[in-house]
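Take a look at the structures listed below.
Both complexes below contain subunit A, partnered by subunit B and then by subunit C.
And then the complex of A and B:
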């Protein structure tokens, strides 16, 4: 490792550490500002005496001064302890751990589908701008990008989970598995989860694939007039080969940034999609936490979400340096 | 390459279609599994901590209680077969059913009941959910395996209802959990040791709980072998699941969902007597128990004339018709109509119907002169009669009601500024007293009115501004409190009903909670797969009595596997999937031919 590289890495990692410290403060301040009377929400409709309310207030730490709460929050977070959920009476880290896999499955599969579809369409559209395919692909993808996610989810539910006219119900209406199917890695369970995954994954993919289409399209258009493509054609290479082996690798660079940003956002899930499809992931956990509001759980999910974005951004910076020689020279 | 990967992905997704079609309808032909929608998501199966309806409906099925509500809501024997109360009404002696065993085979005796109650009385964590119910209990003892004695410090007329609410747990299992009761969720080890018509045998976080019928239950065991209580975070998705046979029953529907299911061949909809009211609360002045005032509520609402005028200006009948599609009853008394013995309606002479002319007259007579913009001026503060109306942003009916209220009150010279707030924000603003008028609703899950009546007592006011109580609208009237204490000592139901009527009359005259309507409870059952789910008979208005999950689940019987649904789905689904796959294949071949020149 050259000294240049070491300085570059130290700067990026140092920046990430500073960002994390800032987000600790921001996260705490934001959630402290939320008007919150969690006891009223938690005990709504139940006979609760004043003495019990006082006991619960003490138990949940609501009596602590704000500064004291901040120090214990920061200290515990730095020691890997994300606190204790008021609503679930369980460690926040355990709750996040339980819901990480469903979220990664949903957002990961949606990202793969949208990446493949988005890049494929983006390359084709950019290679022949103004063609019918370009107009249709751009129009369709931007329409889905503009549609509210929950609305699209509900429409797909009505069409594909209930059926319309002669078309029967094709997919389950919600949840991640059918009660009664064996769990673990049994093939029937995997197939069952895959069936439940189709609609939420489709909804999420339709909404996010537009950004890959537009970025890939504009990157390819930028490369169209480049002399190296003329050289490639002059060598007698066929059109598809020029596109695939010469234009696309260069046009991919901006997309890498978007991919890493998306990777960072993977764990944040998709609150609306998870809620519409009763998908038991982190997005839905955040939605549940907001309803109380369960501040330790909100702070915990915020820390995990933000930390994953910071880590992925830092990785993107590092990977970019290796992918693009121009960055190394700067 | 990308083309091929995309194609494989699409084909894989489509290949799953036929299996999905079969899954969508398998439950309807399964027969021995009853699938019902949970009212809320699940937080804990620790009965000492559980507050949410979803947790409570599971706990009711797996832990026993001293008594249980009958179909008419009256407490009837469960663990206790009979009971007597001393002449001074301070000592209750229960005879406990003998020969019962917990699901692990350990005998269930009076000692388990005494231990559970004693723990709730002495351990603050154990009292989290039900501590207030045993507030006047002096002692609970078990002289022998079949006798339980409860002594109270004052007469308690709702003790049998309390006995139907507090779940009893096995001492031999829970004694080890006492130290960490606050953090024990009872969600990781199955089957859960309990006693009831059902045994909890599984739980998948944020999805569903699986219960198995207890064949050793003292009464008739349920007809179903398995019960799945599943939570759908989107209620429309739950309705979709009901239509397609993934669910058998939903007991909370909106009027729109109810109407949309009306014509269904496989699903039947039911409306039951309302056990919920919707109201507007008027802030008459936030204050602590010792009279310290706080909050920024408009002082004009402390004037009974203004409150009465507001009550007169509201057309409740139109709200029922427009907002509820007629599925409800116009509001008046504080307790909803689900329990006829407590339902009170004011005498016709006092019934404050829709009468804006009288409201107008009242305000004019009280010196509220009309000011600029058609808004009256408060003669004391010389400020326009403008109030904030806080509505729940997450309640559709609130936003439907608000425009009507704005229009009706504008007609009598009162301006409303609608403020949409989340449930949590509203709960925060309420105890701080920083509001004028709020939309609110309460339900009475059991037939005993004591808890809902307690919300209006002076004891619920905050002790200080920084420690909010559980008051609703800072109402406090010593004569009401006196009657509240009295109804606990009325051991004959008619006498108690008379006292409760008098209390409702006080609340009605005060106009701090102006009840708009009682909405019918709307539910739907997939009658193509389940029979005998509902109990009771329809009244003249077509309403069933309010239902009880535990009784419904016990009564429900599977309908013999019906032909049609699933096979029809498959018959149509498979060809559609095949056509789409073949179509894609043809498309690829045509495209490859079209670009063959390029490749050469």
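And then the complex of A and C:
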């Protein structure tokens, strides 16, 4: 590792640390300063005596100065102590730990499916802009971009899981596994989860797939007039070889940046899709917290979602350096 | 007086040229037709929809029945006409979309102009804030804000504005830098123009077309965010909007009972309006900045 790389890494990681600090400030402002009277929300619909209110105020640290409250909030968050959920009567960190894996499974599989399909279609349609395939691809991706994710999920759900008219119910309507079946790594359980995964994964994939097609298409079009493609053709390479070996690697660079920048969109999709399909992940947890509203739980999911995006963006910067020789040389 | 005006090129000439070029783009015209039709319907709806048609208590139709001659798009569970609900739902969705976009564009334009004009340390600091907001996932932030501010249209509008001004800010800053590098701005400086004069009289008019393009596209995403937040239950509970309709449809078991006539119309309406704004935005972009669109 050269000193250059070390400086680059230190800068990026330092930037991420600053981002996380700002995130803590914003989380504190939203959840601790904006709610005018958290005690009222907490004790809504119950008779509470003045002594109990005073106890709660003491318990939540509401009578301390703002700065002190912020430090104790930051200290607790950094130690994984995200508070106590009002609704589940469980530590928020435990809840998030339980719900993390389903979300990773859903977003990860959707990302792989849409990356493969989206990049393939984007390259094909960008290579011959204006061709019938390109028109269909552009129209389809524009339509999927305009559709609210949750509505697409609802339609797929009523079409394929409930069955309309002659279409039988093909997939389970919600959840992650059939209740009462043995869990663990038994093959039957894995198959069961996979069957439950199909519809939410399809919904999420269709929406992000549309974005990938658009980005890849425009990056390929940007490369079309480049002299190096002319050179490659002049060498006598076949069209498919020029595309695969010369145009695509260059067009991939801007695409990678945009894909990582849009990870926030993946989180958004996960929240709505998990809500529609009752997929027991972080998104559904956010929805459940929203119904109360369970502020400590909402705060926890907000911080986890945002922190994961910060981490992924930092990783993207680091990966990018290895992908693009020009950035390495700077 | 009139003779002088006739000799000089009309002030309306650029607008007419813009209109003529816009009319040559089929997608843009289609988008404009959709938007005009939906807006007209939304504005005219109080003429033929009464509050009794939208009230859960006074509903007289059959419960969750499929389309018929009397109810073209069927009814929901309390027996309201889905057709009337969808038409009425355009009002809050469009209103929140447009108001949130106005807020978004104002915040974005001010920050972009300042960052581009001031440059230096303050400009860099403003851009650092923008970059930071771009990286933040929008929906969790919007949910957090809306949940803390309480249910209602105002908190949804604020949540959308706070989370989506970044794109406008970046575009405006880039354009401001490009405009300020041109000689006429330097001339204005040399003639003694202050910051205010340069920004308002020279930079803003040249940045305005881009702000227009970006705001058309912002309306589309603002409407999508509005419906998502309303679907998650953050909207005004008594309002009839497209997102709230879908929320109620799920609550009333429209999915398990196969009530496609209740699920399809609000989604198709959202799709049409968002598509309309996106197509219009692209067409305006193609006219104003032909190199950016391929």
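One rule holds in what follows: the second predicted complex is superposed on the first by the 282 of 330 C-alpha atoms of A that agree within 3 Å, B and C clash if a C-alpha of one lies under 4 Å from a C-alpha of the other, contacts with A are read in each partner's own complex, and residues count from 1 in each chain.
Just so it is clear, a residue touches a chain if its C-beta (ideal position, glycine included) is under 8 Å from a C-beta of that chain, and two chains touch if they have at least 3 such contacts.
Please read all numbers here as calculations on a predicted model, not as lab measurements.
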Request  = Would you sort A:293 into first (subunit B), second (subunit C), both or neither based on which partner it touches?
outcome  = both
Partner chain(s) touched by A:119 [first = subunit B, second = subunit C, both, neither] = first
Inquiry  = Let me test your reading of the model: by the given contact rule, A:173 touches which partner, first (subunit B), second (subunit C), both or neither?
reply    = both
Query = With the two structures laid over each other on chain A, which partner does A:221 touch: subunit B (first), subunit C (second), both, or neither?
reply = second
Key: Partner with the higher number of touched subunit A residues, subunit C or subunit B   = B
Inquiry  = In the overlaid three-chain picture, which partner chain does A:158 touch, first (subunit B) or second (subunit C), both, or neither?
reply    = both
Which of subunit B and subunit C A:131 touches, first, second, both or neither = neither
Request  = Return first, second, both or neither, reflecting whether A:98 touches subunit B, subunit C, both chains, or no partner chain.
outcome  = first
Message = Looking at A:277 after the superposition, I want to know if it touches subunit B, subunit C, both of them or none. Which is it: first, second, both, neither?
response = first
Request  = Would you sort A:5 into first (subunit B), second (subunit C), both or neither based on which partner it touches?
outcome  = neither
Request  = Show which residues of subunit A both subunit B and subunit C reach, each in its own complex.
outcome  = 34-35, 154, 157-158, 162-163, 173, 275-276, 287, 290-291, 293
Task = Would you tell me which residues of subunit B are touching subunit A in their complex?
result = 2-3, 5-6, 9, 13, 16-17, 19-21, 23-26, 30, 33, 35, 41, 43-44, 46, 49, 51, 124-125, 127-133, 135, 182-185, 204-208, 210, 226, 228, 230-234, 236-238, 240-241, 243-244, 246, 423-425, 427-431, 442-443, 445, 450-451, 454, 459, 463, 467-470, 568-569, 572-573, 576, 595, 598-600
Subunit A residues within the subunit C interface of the complex = 19, 22-23, 26-27, 30-31, 34-35, 129, 142-143, 145-152, 154-155, 157-158, 162-164, 173, 218, 221, 261, 263-265, 267-268, 271-272, 275-276, 286-287, 290-291, 293, 295, 298-299, 301-302, 305-306, 309-310, 313
Touching residues (chain side subunit A, partner subunit B) in the complex = 34-57, 59, 84, 87-90, 98-99, 112-113, 116-117, 119-120, 123, 154, 157-158, 161-163, 166-180, 191-192, 194-195, 198, 202, 238-240, 274-278, 280, 284-285, 287-288, 290-293
Remark   = subunit A partner, complex, touching residues on subunit C are 132, 134-141, 143-145, 147-149, 220, 224, 227-228, 231-234, 243, 246, 249-250, 254-256, 258, 260, 263-264, 266-267, 270-271, 274-275, 278, 294
